[in-house]
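See the structures that follow.
Paired with chain B in one complex and with chain C in the other, chain A is shared by the two complexes that follow.
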Partner chain A sequence: MPNVGKSVTRVDAFDKVTGRAQYTDDRCPNSALVARVVHSTIAHGYVKSVDTSEAEKIPGVVRIFTCFDVPDIKFPTAGHPWSVEEAHQDVADRRMLNRHVRYYGDDIAAVVAEDEVAAAQAARAIKVEYDPLPFVLDPIEATKEGAPLLHKEYPNNILKHTSIRQGDYAAAIQEPGLICVDKWYETPTVQHCHIENFICYAYEENGRIVVISSTQIPHIVRRTVGQALGIPWGKVRIVKPYIGGGFGNKQDTLYEPLCAWLSMQVGGRTVKLDVPREDTFVSNRVRHAEKIHIISWVRPDGTYAARKLVMYSNQGAYASHGHSIVAKGMGAFPQMYPCPNVECDSYTVYTNRSVAGAMRGYGIPQAMFAFESHTEDVCRRLGCDSLAFRRKNLMPVGFVDPFSKNENYYDSYNQCLDKAIAYMDYERKRAEYANQTGPVRKGIGLAPFWYNTAVWPISLEHSSCRMVLNQDGSIQLQVGETEIGQGADTAYAQMAADTVGLADYTSVHVQSCQDTDITPFGLGAYASRQTYTCGFAIRQTGLLLKEKILAYASEMTRMPVYNLDLVDSNIVRVTDGRVMMPLADLAVESFYSLTHSVHITAESTYQIKSNAYSFGCCCAEVEVDIPLAKVKLTKIINVHDCGTLINPALAEAQVHGGMSMGIGFALSEQLLYDGKTGRALNNNLLDYKLSTFMDHPHLEAQFVENPEPTSAFGTKALGEPPTCPVAPAIRNAILNATGVEVDTLPMTPHTLYRRFCEEGLIQDPWRKEG
Partner chain B sequence: MYDMKALYEAESVAHAIQLRLEHPEAQIIAGGSDVLVQMREGKRAGKELISIYMLDELRGVSLDEEENIRIGSLTSFSHITRDPIIQKYINVLGEAVDMVGGPQVRNIGTIGGNTCNGVTSADSASTLHAWEAIIELTGAEGTRRVPIKDFYLRAGKVDIRPDEIQTAILIPKASYDRTAGYYFKYAMRNAMDIATTGCSVNCRLSSDGKTFERVRIAYGVAGPVPMRAPSAEAAATGKPVSAETVEQFSLAVLNDINPRDSWRASKALRQHIAVELARRCLLESVKRCGGEIHEAV
Partner chain C sequence: MKQFKQVTFRLNGKEVSCVVDVRSSLTDMLRNQFGLTSVKKGCEVGECGACTVLINKEAFNSCIYLAVWAEGKDILTLEGLMGPNGELSDIQQAFMEEAAVQCGFCTPGFILTAYEILEEPRDYTDDELRKLLSGHLCRCTGYENILRAVKKVLRQRLEAAKA
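Let's look at the complex of A and B:
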């Protein structure tokens, strides 16, 4: 009986629901010392001195370390595979604690205390003297001559600039009769807001440092801790228990090196570093805020003659994932709506703000907001139907991206759009909502999106798997790709059961907790690649294990291997279908045989040199209360072609979460900074408006299941894609309702009030100016 | 783990008063949904606390001999919302406090705590102002009663003397009799939020439903403390129940309120919303009084 394709219960469901599942803090001994990081209270400058004398008097304080104490080693933090080519290695631009502070909230000292109260008191009692420098928060301002420079190695604060050139833009725009649509779009700084804040604890054992961390990428963190501390990587052991969400924030090295170093300074005692929510907003990672400029030259027949794109990505103070994010967004531009003449430039710019890193969608939600808002704006100028325009211009079937070799095998875009418009009754409503008056107006809008699975050929893609047979015919499964709440372990169990020939996925015991001493090397959870990438290694290793089992069965049954199969946990003779023995009997014999005892295991690595597009769309309906400057989302659907579904219920849940994140990005979330000080203003869950259950309608998730030809199980990306099309769909619905183009996210009442006043929809008689 | 110097558990109102006198620096704590948050943030770190949470005598809603509504200060938001007396006479208060935070906070949070915080955004505060609630304080000398507008001294500061605790909130019969109202919480999301602006309006109509006998309106977050809008009230009281009166009423609030320009919302947006809420709240209040207005479009 196949396990793949069924909505089986998650392997971790009962433990998670009952609270038995062990997260980092559940494992940390109560005797652990507690570390607290002290953050800078200026946006840019140098730490002159740190006075710890008062703090050290506080009972319970063990040691205090400052930026003057840490090793002078710069290290990279991005959760990318290491590159053996120096030119492709991540930028190393920060120390564990920094003397040159580059944002309000930079790490300058750390307290180690007996408990968290003493640690907090000491952190408040530390006095820091600074030599302040001017700071800059805006990425375009930061590139100008005379702007404050964050890293001397990067003139004009440009971490990286890359371009795409296709055809001849300058010549193409000379074509007579073209319509030019020239617009800017802007997306905000948002934060991941995973339920479990980042936490880790570290101790020394047998001359090595062990870090238990809430991370998506244990094997990568092993390397970065080694790099940051200047110790051999084998001296570092990282353990990753269950984690309460990551969404990319934990696809980065956060405080693991510092926590490890602190433990080493206090005799290897266990030191716990649990980041408060307020610090998570400021001193972990955020999504890159982007300013995006698009110029389209369109023919009246609704085809593109030439297009130009410029993107400025706000990196914040340190490189982290750096240019990869905006580069991914830029890469989508010429692919999504192919056009012969294209010029693209993207700039990743250092500013004195919180460090931007990976976040669900990896640059695509920002890009899709700009690109799909722009598509709608182009259609408005042309006076044409935007759905028809999309159907005509979106990436055609058979398109091959010359760089990644990704191929568009199916008509996924149209199939997804068809499902969405049928569910929403889009075309009827679109017509009905065309010319409304009155204070409350309805609107409907849509947006397709572009995404690609995994990171090949930009980075290494590989996965390793180990399977171990037990006496009862069940197996242990170990992989380096991590369960981070998305349900990966369950999908692995389903895929492994079918490959090996086990009756039920519950016979696969997935070792959810990765331990770099034990778990085969794998890169971790990112790029929506877990099921795709890991699928290859599971299939290859499962076949290897099955081969070994059948070889043993051949010995026991005296039948040739080619006449045997493993089906539903039984050894079956294929010639007549007879069950020769249960796998469990074979397993017991293999363990305890007095003539041929062997522990049947299999292990292998698969290096992936392919990648897959994962497309879909969102359609949203809204009710805009103009006098209240408020949007009520009344109906919404995402449709995805992520290939064959391994577990439809989990896929649906993944889409729900992503849509929710997209709704927050569209309507309410934004980390604000004080222009006078550079301080984050709303770094808490009250003032940062993460959307709640009460702000969502029913979230409809539907799928088109075109099996991905390159994939081991026909599957491809679904982790991040659901977040990508939501904001432009909602924005286009607001446009349909009100006729107002809103080009800045989030579309809060603040933004809408300003826009409605500008467009004359709100006219306050007592206000003199417009 | 909270940075708390000491916690004194009061066993009676008299004991609470005694503890107040013995520990003048101590902070009173009821449900703790504000105090503990502030303590964690370091604002009240290291303080002594006097807990009055176990004083069941301060819980519950009743009618006194003069038919004034008496709400014990420790009554939780969820109990207020579900209380039959509240539902019968001042349902809007139950609706208003049902918009506080989320279900957990409404179970632990108390109306006494909500008012003693002295914050302008408290969801109960604008309704209590609009219904001219009386605050009852009990101290060593006995009890005293203060109109709620005098209870709020300035942002974050209320009139509680060093030996006192707040023991009840009263709604006089004259205030709720033949009166109905509506509260509009304007916030950035539909749960777990504080009001950007909160507006509570109530009215009493003449027996023929044609005249506003009395209109009262109060705002949260239109100034440093919750406030009434007397110009608006004057613009409607005694006037015909009409769309025109509603319009004049809502515009008149601009003479009274003084919202702040801050990163949470611009002054312009707050003023715009204040006017719009006044209009919508009065229209709804009229409806709830059984009146009718035919809105001119």
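Let's look at the complex of A and C:
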């Protein structure tokens, strides 16, 4: 395989380093009208009236629409494949503009104006009268009797509750001599912070509505725009140009329906909706904040007798991806450390906060923080070495999950741990840091993680691909999967070149811009699925194309097909290795032959009925300044087994980005809400502490390459996994340095100061309790 | 009320002139009136660095720089880095080779700040480089390969200067 496995340059790199790659705003005509959304300034209540009279007087304002104008249609937003079974369809709980506002920042009106300034001025001049209602921000509070109710269809604000029961927990905990470790862990609300904010623009063409959008899921958005507007799905066309990052926020329908509807209200003129950064934080999607309770019953020999898990996931005001996020985290619990007696419950709870949706890791970063912090805490109680404990108890080779049929084919956990330990000199340092005193202390910690690729059997998995042979022997490649910055197009070109038998991946022209009118149907960029799922479709379609090419070659050469092959862009006779002709010659003949002219193309869909575990670990070293309650991350490594690497350099780059997001999650990022009003307090890039260039040490990324047996190219998930183990590894390093268990993220000086005071490391006579 | 003003300046080596709304940012003028798509918008309040351009050889966030202030200035955007025959600068080349580009939205800004730093190559430490580049946010790369790319060009230029 000459292309797969090489660190070739990205197919889009040239256009991106020259600034000519076109993103949504780069395509939008200057004459577009500009839309601005007006947001709720209370956390919960009803809009009584909207006074637009002052706003309408502002020069340049075209039209203003309010929650009293939009169609009374509720629609789902999650970027999930549609389910033909009603019971499995996504929850439809919001309108394009809402009268019943459920969070500070909810959408209640929209201005359409000739320019941005007029739109912004008008948005400010709109006066809204509310009937306020009490609100609730905490998911546990929200489930209590008498708590404000967000959606009347969901008593106690519980969007969904699911459980896992294995063995007999109640009986198992009676075993004499067990040690009980009972703890709570908490993760914050964070935001994706892709550098390109969400943006879209819409116009009518030939009686249809076209939306150009910065989305990860163009084909899904086509459906949701149709649903939200109550129009046939075929009347909607979605185009996705290059996008400036998504990380899950754009795996949701954001403002595409509203923008489309606004355009339709102003005669189909082009309307652009460009979300300001401050609104991106509040009125797009965020990561679910979770409160996680774990009770473990352990034997003194370091084995689990019984375990219990309860998770509360803060959904915010609308369902979006809903329960699937916490459910994925819960699903990992009985698998990662198999134990015969397990009880798990997870609750997804509506609250009056920003809507939580998909975000890199899809519930696993939260779960891993709790699970892997807990593993460390269990080992402390037992007085045993946590590395040895993990090696003994982590999912063994041969484990099969009865539901997904996922099998753990390799000893990936231990192989990844071995690499991380060697790089960090873990064992020596662990011993060295055991008994430190003084204000500045060092620590080292690690955490493995659990992840699985794609969404089968919970949802549909399929992938479609189209290949077209060009006159020069190059091919055009179209798939329904989307390039969102991760490098998917490049990996596809490499896979396609090898399958068809082309000399070089640059002979594969990937149509990066998705257009639902042109590209085959595909589900999009999520669940770290695309290299895995699309691999099947590329392989299947590439083989079809090759078969057609060889059939034509057989005609031209009078040789039987079985004696021919396509190697390095040449038709080769396999019996003696002779090059019969370059593919380019065959291609020209096939186009223009006076006797047999045919356009050689192939198209196929592959439905995937498998998925794959993708495991690894993080190891981190820190320096903790106790009086300042400050952590400095000094060294870090992630090791992943994502199967065969298609492009090692791009894989490494993916890991860097994921680690960076994990470091932010661990140490600095948190969207704060004012308890008195429900308003977000730090919704800008200065006050929200995204990792900067100065917040990282060198990020080391290494791999174990065990080819995934179920996969078309031996590959499996890598996009999201790197974010998953970082926070618990850093937390365990802080524990190693200080002896203090920190159970709340982010581990900012605020959090650490409180914990260090509680544990007596800081004596502060002025500190107020609580 | 809208007010307009004529602005004359050098843009990517050429004398240009245009009439702008006095409230316009330099970002908007460069994007909307000159079609320079490399000037990206990530926040429009000077937080992210995506809109960086060089003004008289110094990197600025063009989103918080009024278009009318461009009068008489020498402005360079990423488009201006390409040679007359389509050659890439060594910095652009290094960003490609080191896989320093993912979604690419922060890339133009980073390259221009790197350009400013590398105009006078010194033996910077990693920490110094990190600090010099810290006006830009990137969510995709963890900054790792961007640092590699900048260091690569720095090394090349220092060696070229020695030879």
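As a working rule, the second predicted complex is superposed on the first by the 763 of 770 C-alpha atoms of A that agree within 3 Å, B and C clash if a C-alpha of one lies under 4 Å from a C-alpha of the other, contacts with A are read in each partner's own complex, and residues count from 1 in each chain.
Assume a contact is a pair of C-beta atoms (placed from the backbone, for glycine too) under 8 Å apart; a residue touches a chain by one contact, two chains touch by 3 or more.
Predicted model, so just to flag it, every value in this text is computed and none were measured.
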| request: Pick one for A:668: touches chain B only (first), chain C only (second), both, or neither. | output: first
| request: Go through the superposed model and pick first if A:170 touches only chain B, second if only chain C, both, or neither. | output: neither
| query | Which partner does A:120 contact after superposing on A: first (chain B), second (chain C), both, neither? | reply | first
| request: Could you say whether A:579 touches chain B, chain C, both of them, or neither, answering first, second, both or neither? | output: neither
| In the superposed arrangement, does A:20 touch chain B (first), chain C (second), both or neither? | second
| request: Scan A:628 for contacts with chain B and chain C and give back first, second, both or neither. | output: first
| Chain touching more of chain A, residue-wise (chain B, chain C) | C
| Where does A:766 make contact in the superposed view: on chain B (first), on chain C (second), on both, or on neither? | first
| said: On the A-aligned overlay, A:748 touches which partner chain: chain B = first, chain C = second, or both, or neither? | reply: first
| task | Mind working out whether A:682 is in touch with chain B, chain C, both or neither, as first, second, both or neither? | result | first
| note | Where chain B and chain C land on the same part of chain A: residues 117, 685-686, 691-694
| said: List the residues on chain A that touch chain B in their complex, please. | reply: 115-117, 120-121, 124, 627-629, 668, 672, 674, 681-682, 685-687, 689, 691-695, 748-750, 753, 762, 764-767
| Touch list for chain B against partner chain A, complex | 1-3, 42, 45-46, 102, 186, 188-194, 196, 251, 254, 263-266, 268-269, 271-273, 275-276
| task | Report the residues of chain A in contact with chain C in the complex, numbered from low to high. | result | 7, 9-10, 12-23, 25-26, 30, 59, 117, 192-197, 242-245, 247, 274, 276-277, 484-487, 649-650, 652-654, 656-661, 663, 684-686, 690-694, 696, 698-699
| chain A partner contacts - residues on chain C that touch it in the complex | 1, 23, 31-32, 36-45, 47-48, 50, 77-79, 81-82, 88, 92, 95-97, 99, 101-108, 111, 127, 130-131, 133-134, 136-147
